[in-house]
Structure formats: C-alpha cells, structure tokens
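Here come two complexes built around chain A, the first alongside chain B, the second alongside chain C.
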Partner chain A sequence: MTQFTLYDYVLSGNCYKIRLMAGLLGVAYYTVPVDFYPGHEHRSEPMLALNPSGTLPVLVADDLVLSETQSMLGWLATTFDRSGTWYPVSDANLHAQVLQWLGFSARLTASVGAARLNAMLDWPVDVRAVRAASRKDLDELELLLTDRVFSGRTWLVGEGPTIADIACFPYAALSPDAGFEHDGYPAIRNWLYAVRSLPGFVTMPGIHPLHELREDTHDG
Partner chain B sequence: MQTAPLGLLRDLDPKRVMRAQVGGQDLVVWRASNGDVSAWDNRCPHRGMALSHGFVRGNDLACLYHGWHYGSTGACSYIPAHPDLDPPETIKTAVFSVAIADGVIWVSTKGVAQPAPVPMASQPLRCFHVQARSDGLAHACRTVAFEGGAPEQIEPGLYRLGARRVFVLENPLDEDRIQVTALVDADATPNDCAALSRWCDAVRRLAQTEKVAA
Partner chain C sequence: MSREYALNDWYAVGDAQTLARGPRRTVLLEQEVIVSGTTDHPKVVDAEGAAYPATFKYGHVWTSLGDAPRPLFNIPEADEPGRRLVPCGVVRVKCSPLRAVENFLDIAHFPFVHTGILGSEPHTEVAPYKAEIRDDVDEVWATKISFYQPQAAKSAEAGGDTQYLYRVAAPTTAVLYKTCPPKPEAMDVIAIFVQPRTETECDVWPWMALYDETSEYAGLVQFQQEIFLQDRSILENQRPVKLPLDPKMEIPTRADLTSIAYRRWLKSKGAFYGAMTEDA
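Showing the complex of A and B:
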C-alpha cells in the first residue's frame, strides 16, 4: 500500500533524499514525475498552487503537504521507523546533533547542489560564490567525519545511521558532478561507502550500487 | 619520480578502491579481500574506463563498465561476456610498486617503492589536499600556532606542536596542489588527534590564503 505521493525529479539530489529514506525504511509511495528541466514544471501554476515555494520535492500524505526535505525526513522516520533510531528525538543531545546536520544539509544544497545545477544544466548562479562555499562545506564535513574516525565511529550522529546521514549524503556523493572529486576526502569517501552499504539502499544517476556486496564469484 | 606517499592505510579498508596520482600518473589504488594493496594505471585496457570506479571481487579488481576482472599481476582474469574464455595475457594493466610503512601507502612509478623513513613511532593523523606550493605549506606549518604556542620545526616535515609531534609527508599533484599525509606520535589520544586535525585545517587555510595573496 502506498503511504504518500512524491512530486519528483530524478536528477534532483533533494528528491533523492526522500526516495533513499523511503527505500531504507521499506515504505512504498506513489511518484509524480515533474519536468524540472527543461520544462520548469515546478514553477507552473498547478505546482505553485500545491507548493507556493516552487521547489522540489513535494510530499503529500492526505492533508499533509511538505516542501522541505528536513521535515520530510523527520516525518518519514517518525511515522515509519519502528526502531526509533533513524530520528532519535528522545535523547536531547542526539536530537540536537541531528538538527545541526539537517541545517548543514541545507547549506550543502545551496553550495554543492547549486554548483552541480550550474555544471549540469547551466543553471544561473554566482559560480564563484557557490564553488567557494562548496569547498568550504566539503572541508567542514571532512573535518567532522575525521573526528568520528578518531573516536572509532562511522555515522554523523551516535552509533548508527540517522536522517542526518541521509540528508547530507546526496550532495556529498554527487559533488563530482560539480567537479569536486572525493580523492582528497578519505573520511567522506568511507562514510559515503557506509551509507551505500545500508540494506534497502537505492541509487540515482551518478550514484551506483556496490556490486562487491553481492557475493557471487562472477558477474558483469 | 621517487616513491610518493598516497595516503593512509587506515583510510583504505580491504575491498575498497580509491583514485590517486603520482607525478602526473593517474592511479587506481585498491585493496583485495586478503588485504593486499595494489596501484595500477587507472584505465581499463578494454574501453579505457577509470578502474577507480570499479569494485573488488575477492582478490580481483572488476571494471564497472563491462565487469572485466584483473588479478594481482594486473592481467585480465575473467570476461563476463565470454565466461568460457581464458583471457590472453596481453590484456594487462600497468602495475606499479607498492610498499606499506608506518601506516602509509607508498607507490613508485619507476622501480621498487622505497618509503621515506618516519623519524618517530607514529600513528595516522589524516590525509588531505592543499592548493599551495611546498614552500607555502612548510611556511604555514611553521606559522600556525597550536594551543597558543608557536610550532617548532625539528627537521623538514617534522613539527613539534605542544607535547606532540606531527610529520607531514607531501605528494605533489600538480604545480600548486599537494596531497598531504600527516602522521602523529603513536601515543596521541583521540582528543589530541582531533585538535591536531584542526591544526591541519588551519595550515591548509593559511597556505591557500597566502597563495591567493601572492
């Protein structure tokens, strides 16, 4: 049974956050493809009537209409994660750290996400500014993930994956689309690998599956 | 090209693949299931795909494009589209000499890899890229204070920072970009490492700022 409707664009890292979280939680949903490029359908009158901010994705569940990915991730985890680990709201410190990273994920969207849109679709942005911000944000992510390596941990918050990891994963993983390779970011590279190893992981163009996790001796 | 430090073994678990560079040579560096590290020309002999996009299958590296497998000698061992074919020995990627010492991956594109001596009992700190020249990096290392005190350069690459020492290894990537592999005293605590990691960030920022100013 489908649990919600996602207004979706396949190349969008923000839309992918929701597809990925739904995949990891095993939640079925209905997709409405929106012609973001070249059609600019997300700015069409019917879409603006649904979501006045004119952004994608949009999540609709009965009367609930969400247009911010952080709120969607929180709603998905609170509604469908019986373990309560994906969004640890009962622990004040963990909860605050998750919120901190959700804020960071919005910065990544504004920096790497914008640089990527410019590189892929010639989207009009202040290229100098978004590229400088991308470098700064990736450096910050690398530093804080390196701290986690020193303390023997894998994930951004606590001992397991949370919506913080899912919120930050797409644009960190897609940064090579904007020319920011992962060669100089070993901690980011290993954390991306950990996310890609999760059961239920789903891919998108630019993020391929980990073939090595399938144990067949030979394949293509 | 002499033997170059390509990062930390800590950052490359078995069955993982990464991309690196030595003296303009693009490399795939990967670790087999048995833990062995290999460094090859980053190009599949079949269609030229970067092997760093590939994946480890047992002790072979498989290309992401058509799944051709290459064993530890760099020779093709299996072609999925022709499963019964024994691939000719001529299908082979260029293999470079690798040595692991002090937790660092060393690679030479000419002859046998000979790691530089590390002048202390060490553990891995971190590996990062800096957009600067070697003299700018060294200047930043001598300049950026740590816990209120000025660094003391003990010898080239070796800095005393408070009670700790950091050894900075360089791999020049191009004219003004360096891959840095940093080691710290073996008995440094995780808190020491986190603080010194921030010192590395400050060094990078200063080296890059001065490069822009120059």
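Showing the complex of A and C:
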C-alpha cells in the first residue's frame, strides 16, 4: 500500500533524499513526475497552488503537505521507523545534533546543489559564489567526518545512521557532477560508502550501485 | 586545424523552450553565438552581430559556422503521423563530443550503468551484430542488434529482448531505432544532437520520436534524462578525454564493432574535432 505521494524530479538531489529514506525504511509511495527541466513545471499554477514556494519535492499524505526535505525526513522516520533510531528525538543531545546537520544539509543544497545545476543544466546562478561555498562546505564536512573517524564513529550522529546522514548524503555524493571530485576527501568517501552499503539503498543518476556487494558472489 | 571539418556540419544550439525564454548565449566550436527568434524564424548571430544560417528542425534550432555547409541530414521518422516528438532539454558534459556519441552507440555498458532499466546482470553478453560504413549515404550503421532489457522504454511493462539499429548521421549526431513496446511492428526513435562547445566540453540535446499515447510528458522526459545522466558521470571520467582514432591506444572487443566503424569513419573524413590521431 502506498503511504504518500511524492512530486518528484528524477535528477533532483533533494527529491532523492526522500526516495532514499523511503527505500531504507521500506515505505511504498506513489510518484508524480514533475517536469522541472526543461519544462519548469514546478512553477506552473497547479504546482504553485500545492506548494507556493515553487520548489521540489512536495510530499502529500492525506491532509499533510510538506515542501521542506528536513520536515519530510523527520515525518518519514517518526511515522515509519519503529526502532526510533533514524530520528532520535528522545535524546536531547542526539536530537540537537541531528537538527544541526539538517541545517548543514540545506547549506549543501544551496552550494553544491546549485553548482551542480549550473554545471549540468547551465542553470543561472552566481557561479563564483556557489563554487566557493561548495568547496568550503565540502572541506568542512571532511573535517567533521575525520573527527568522527578518529573517535571510532562511522555516522554523523551517534552510533548508527540517522536522517542527518540521509539529508547530507545526496549533494556530498553528487559533488563530482559539479566537478568536485572525491579524491581529496577520504573521510567523505568512506562515509558515502557506508551509506551506499545500507540495506534498501537506492541509486540515482550520478550515484552508482555497489556492484561488488551483490549477494551472489560465487567464484567462476 | 581540427576545427576545419567540423565548421561545415550542422549543430543543434537551441530548442523551442530556449527560444521562448529569450536569447540563448552559448558557445559552438569555441565561438560565442547568440540564438534567438522563433521556431518559424530562428536567428543565430555571433558576438559582433554577424548572422549564420539557422533552421528549425527535429525540435531544435540548427546552425553551421562554415562557408560551405554540408546538407543537414534527414530523419524521415520525424514526419510520421502518430509519433510523439519529445525534446529533452540540454545537458552539459565535460567530455569530447565524439565520446558522447560513441557512448550512445555502445550496448555493452547497459547492464552496468543503466542497471535495471536498459540492462541487468547476468544478461551482459552482446550477441554478434553487424556494423558498417555506408559509403552511398556517408553514414555509419549498426544492425541486427538484440539485447535483453528489464525496462526498454517508459511504455514497457516487462523485460524482454529489444532490437536495435544505430545510425550515425553526422560526427556529432546519432540516431537509434529500438523496438517499441506498445507497437511491436514499429520502432521508437531516440537521437542525441551534440553541440560541441570545445573539444572537451559539449551540450547534449536528447530528442525522441515515440509511439506512446499513455505516458505523461514529464515521465517520458525523465525516463530519458535518468538514462542520459547515468552516462554523464562515466563520460566525464573517460581518459584520454579526446577520442583516440588510431587503433593502438584503446583495444576494442567484438562488442565494440560500431565504435570501430565510427572511429574509422571519422578518421577517413578528417573529422578530428574532439579526437586524437597521428594524422592530425
């Protein structure tokens, strides 16, 4: 049974956050493709009536209409994750750290996400500014993840994956689309690999599956 | 020198949507051009205002910068009644324009790059097929191709063997014909029109002429964009960046027959823009 409707654009890293979270939680949903490019359908009247901010994705579940990915990730985890680990609201410190990273994920969208749209679709942006911000944000992520590695941790918050990882993963993983390769970011690479190894992981263009982790690895 | 042959070919530099949004300032063969006007009267000028020939066909504005343009190739299927013509926008790729075309002609990568859509493991074998340079029309053709695909098109409801034909109509234009799931007696047409910005960067305009009366337009475009953007990250990482035309630099296999014919054809014509060769 489908649990919600996602107004979706296949190349959007923000839409992918929701597809990925739903995949990891095993939640079925209905997709409405929106012609973001080249059609700019997200700015059409019916779409603006649904979401006045004119952004994608939009998540609709009965009367609930969400247009911010952070709130969608929170809603998905609170509604469908019985373990309570994906969004640890009962622990004040963990909860606050997740919110901190959700804020950071919005910065990645504004920097790497914008640089990527420009590099791929010639989207009009202040190229110099978004590329400088992308470099700064990726450097910062690398530093923070290196600290985590030194303290023996894999994930951004606590001991397991949370919605913070899912919020930050897409644009970190897609940075090569904008020409920011991962070669100089060993901590980011390891963390991306950890996310890609999660059961239920789904791909998108630019983020490839881990073929080597397939189950049927017989010799010969 | 490598620009010389390329100057007299035609290139897509805009579509109906870019025209509707006002002038498109872009780069073709390292020269700045501005594309404007309407689909009935498209206009292409350079930074100094000098005009170049411009025509609207196959959903795109075409232009040529040379003094003696070769004729624009014909895609007769574009005029067949009942086909939906679907321009898919433009995607920038930091790769040789010839690499973009060669990748479009390749079947062997389907299971690994377009997993679950155009191919899947263990169905990775490319059965023998035929590739040839057709001197009468001066085009490269690949025929008798059959490949197992989990979802050959947006309109496909199940996996199955898909028949393919490939046609290279110009060094930067390739057209493929493939089994049309809802209309087995016909073939869908998918093309890429590559606009070379430089020898190592291009704007790619995918375009489709399909028999599909049920899929939403947005769904058709996104199906194609998903596939093309899966290729983009691979294309940007191919080395050497330019396409090697001399056989010793990259070792082909049997599955690469079309690529071999394409490279040989480019070499015989002197179409070296985006290529590396000892002949240049």
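Following the convention adopted for this analysis, the second predicted complex is superposed on the first by the 214 of 220 C-alpha atoms of A that agree within 3 Å, B and C clash if a C-alpha of one lies under 4 Å from a C-alpha of the other, contacts with A are read in each partner's own complex, and residues count from 1 in each chain.
The working rule: a residue touches a chain if its C-beta (ideal position, glycine included) is under 8 Å from a C-beta of that chain, and two chains touch if they have at least 3 such contacts.
What you see is a predicted model, and the numbers here were worked out from it, not measured in a lab.
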| item | value |
| --- | --- |
| Chain B versus chain C as contact partner of A:210, first or second or both or neither | first |
| Which of chain B and chain C A:38 touches, first, second, both or neither | second |
| Chain B versus chain C as contact partner of A:186, first or second or both or neither | first |
| Touched partner set for A:150, first chain B, second chain C, both or neither | first |
| First, second, both or neither for A:101, with chain B first and chain C second | neither |
| Which superposed partner A:139 touches (first chain B, second chain C, both, neither) | first |
| Chain B and chain C footprints on chain A, overlapping residues | 208, 211 |
| Touching residues (chain side chain C, partner chain A) in the complex | 15, 17, 87-92, 94, 112-113, 115, 121, 203, 216-219, 221-222, 225-230, 232-233, 236 |
| Residue ranges of chain B in contact with chain A within the complex | 7-8, 10-13, 15-16, 18-21, 53, 55-58, 62, 64, 66-67, 69, 78, 80-81, 83, 126-129, 179, 190, 193-194, 197-198, 201, 204 |
| Touching residues (chain side chain A, partner chain C) in the complex | 9-11, 33-35, 37-39, 41, 119-122, 176-177, 179, 203-206, 208-209, 211, 214 |
| Complex interface listing, chain A residues touching chain B | 139, 142-143, 146-147, 149-152, 181, 183-187, 189-190, 193, 208, 210-212, 217-220 |
